[in-house]
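Each of the two complexes below includes chain A, the first together with chain B, the second together with chain C.
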Partner chain A sequence: MERNYSQELLMAIERADRSGAALIIDAWAGQHAFSRVVPDLLSPVLETFGNLWASGHGGVSLATGYVASKVAEDVLSRLLQEAPAGGGNTPVKGPVVLGNVEDDFHPLGRKMVAAFLRTEGWDVRDLGVDVSAKQFVDAAEEVGSRIIGASAMMHTTAKNVARIREEIDGRGYTGRIMLAVGGAVFKLRPELVKAFGADGTSDSAVSASALFDELWQRSISLYPGTGGALEQP
Partner chain B sequence: MNSLERVLAALRNQPSDRPALFLNASLYGARLTGAPLAEHYTRADIYAEGQMAVRETFSPDLLISPFFVSSIGEAFGSPWRALQGQAPNVMRFPVGSAEEMLKLPLPDVDSHPRLLYLRETIRRLSTHYAGEVPIFGVLVSPADIPPLVIGLEAWIDALLFQPGVAQALMNRLAPFFVDLAKAMLGDGATGLVLTCNLGNAFLVTNSVAETLTLPNLKAVLEEVPGPVIFHHGGCPLLDQLVSFKGLPQVVGYVVDIAEDLGAARGLLGPGPILLGNLDGPGLLHLAPEDAQGLCRRALGQRGGDNQIIISTCGADIQIDTPPETIAAISEVLRQAGGASS
Partner chain C sequence: MNPELPPLCVSCSIFRREIEELRASGRLDLPVHFLDSMLHMVPAKLESTLQESLDAIRAADPDRKVVIAYGDCCGHMETYESRPGTARTEGINCCEIILGREAYRRLRKEGVFFLMPEWTLAWKDVFVEQLGLLGPNAKTFMREMHTRLVYLDTGLVPVPHGTLREASEFLGLPYEIMNVPLDFLLASLKQAASFARAHG
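Showing the complex of A and B:
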């Protein structure tokens, strides 16, 4: 009987079995070109995992989400090693800017989002923790990003998302730069996404890429520019 | 009935004049006193004044030592930052892995200045309210200490991929936890409130919870010579409540925001008190009448249960929450009367 690699990989992630996941991917790569592992195996599995996570499925926890992000990082790292110089999993989307809002020092969720975005081909510029509104918009301006992804764990720090909104609007980037937010507080209190002026959030770290696709397209539809990247207002 | 008698009645499953009320107003005391947060979280006299102001203004039936978990991180070398309008937060970790943390010296609960600050708040409050208001010391379990010292990512990594190291670290932290728990009780705390977020399958795998964090929690609680209230931390609890049932010394559970108190009782059975289920941080956005509605809903879930304490859940009540909203909750409790049989 033919092996169901997708199901096996999903189960390994749910068991938090990082090395087991690597073995399954190796076995898959024995029959397929490794360069196809992201679109043909990893992405569909992560999408299913993301749906389970978002629905509160038993057995999916922050820890298994962490393992999923590590599996994704392992794959990207191997793609980079095996690719000819200048090749590998070259980003085809973005660039986008990520960071934890000012006064927030909880990096785990942001790092997971970065790993999942990179898996889906995004060029991610990760600014780290405790990033001010000015730093976010400066970075977006510098690299030409149409999306700022801001992470906050608690309500008190999430309020600083409103400052990023003000900075974006104050510099005339409304609609050009989209503001995506994530973190525990937005999952618990989704009404805060709008209240703090964000343009969207996702149900789980895994589904951040779909959100970024949507926000990127929304920005382009409002301000097409040339070549997709951000232009000055 | 005074507050202590009301809480004791709940613990003994006896009727009381009305349900007791607990507010996580550790931060809010600073709003009432007007004290700068840098002083509120470093001077025991200032913090105690804040809790007294909370008591005078809203009449909660339990008071707490600072809800300031970064203080535990500081005791292991993690610097924290006083933030505008919120409790301090760890801003940097002194070491990056569980293995490195194993080499750190354990803080001395009798000499570390921040731990002495925590303890002194209990001494002051318990002296002031002796025989009148129960005072609870706020603690985190050994499984919840490493995220304050090495970060959550490194700790989850150790729990998943280096279980031996994770076990060794929790074993090493156990005497510190027990010493601090005993010290707080010796200082006059009626009991302790503690979290074990890393024992909750919302954050870790069932395997980690069952083989590492929960056995450690049970072992350290065996050594705590006083009553403990288990707090949901930031995690949903109802789905996991059975895992935490029957923990040594645990006399009560604080469930998550809006989790059904009647359903929780069904899972736990008679015995422990249940605290819930008002959204503490979310009070900021509520009009007084809406807060009263939530409070009445919680009261409606208690039925004939003597062992329900109406409580805010989640993190601190936010500092810019209108006092009228909190007072509205107190008013509903004042009018509530005893449990309907």
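Showing the complex of A and C:
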């Protein structure tokens, strides 16, 4: 009977079994080209995992979410090792900047989003925790990002998203730089996304890439420029 | 309503010993109702329990002033604290409330993971049972997110050295003990009580 690698990998992630997940991926790679592991195995499994996560499935915990992101990182790391110099594993989307808003010191969600975005080919510039509105927009200007991804866990710190909105608008980047937000408080209170001036959020870290695709396209449709990175207003 | 009644404090049990000490020493005159700190592991349950508690106070005396001794620990905390005659202790979480903003920010920037006395005794339940961090994941996770554990010793219970050693070994981080006075907690409670009295 043929092995169901996708199901096995999903179950390993749900057991928070990182090394077990690596063995399953190795076994899959014994029969397929490893360069296909993201589109053919990992992404579909992470999408299923993300749906379970977004629906509040009991099997998804802090540990399983963390392990899912580490599995993605492990795969990316191996792809980079196995790629020829200048090979096909360089990011193809972005760049985008990520960070925790000012006064927020909870890095887990942001790190997971970064891992899943990189898996989907995004060039992620991670600014870390406690990032001010000015630092966010400075970084977006510097690297030419059309998206700022801001993470906040609590209402108190989520208010700082409004400052990023003001900074974006104040510098004339409205519509050019899209503001994506995530974190526990936005999941509990989705009305805060608009209230604080953000352009969108996603149900889980895994589905952040789809949100970023949508926001990137929205920015391009408003300000096409040369169709790539952010340009000055 | 009896205007002489002090505000009623609804507090997370994480502050139980500290608030009881402040009351016993005469530095705080608020009657206090404690809610289980483990409610934090299920924020929706914390929210509903807190709301029920606040509603019960209002039902008994609609004009009673209320102090909420919590951080911003659930999604609608700001809704609760914006009710007339109500105020919350200033701070994002219990650690900031007890350390003060400056020390809290400095230590968090250094990557510190704080252990309050009550949760130190329940560390295994929190990390293993509630968060599911088992085996190598616990060390990998904690080392990726943090640099060290800091036990906040408020001086009211013996420092649980054995428990700290066990947690440190399991989580793969060194620990240190920091003596913490009750001054910031007291100031925060008094400020909230004053605000609640003034904004009826």
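Here is the rule we go by: the second predicted complex is superposed on the first by the 231 of 233 C-alpha atoms of A that agree within 3 Å, B and C clash if a C-alpha of one lies under 4 Å from a C-alpha of the other, contacts with A are read in each partner's own complex, and residues count from 1 in each chain.
In the analysis below, a residue touches a chain if its C-beta (ideal position, glycine included) is under 8 Å from a C-beta of that chain, and two chains touch if they have at least 3 such contacts.
These figures come from a predicted structure and were not determined experimentally.
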{"item": "Fit or clash - chain C, chain B, common chain A", "value": "clash"}
{"item": "Touched partner set for A:175, first chain B, second chain C, both or neither", "value": "neither"}
{"item": "Chain B versus chain C as contact partner of A:121, first or second or both or neither", "value": "neither"}
{"item": "Which of chain B and chain C A:225 touches, first, second, both or neither", "value": "neither"}
{"item": "Common interface positions of chain A, toward chain B and toward chain C", "value": "16, 18, 61-64, 66-67, 103, 105, 107-108, 111, 130, 154-157, 184, 188-189"}
{"item": "Parts of chain C lying in touch with chain A, wherever the complex brings them together", "value": "43-44, 71-78, 92, 105, 108-109, 131-134, 136-137, 140-141, 144-145"}
{"item": "Chain C-facing residues of chain A, complex", "value": "16, 18-19, 61-64, 66-67, 70, 103, 105, 107-108, 111, 129-130, 154-157, 184-185, 188-189"}
{"item": "Contact footprint of chain B on chain A as seen in their complex", "value": "15-16, 18, 58-59, 61-64, 66-67, 103-108, 111, 130, 154-157, 184, 188-189"}
{"item": "List of chain B residues in touch with chain A within their complex", "value": "81, 83-87, 89-92, 151-153, 156-157, 159-161, 201-208, 234, 239, 257, 281-282, 284, 315, 318"}
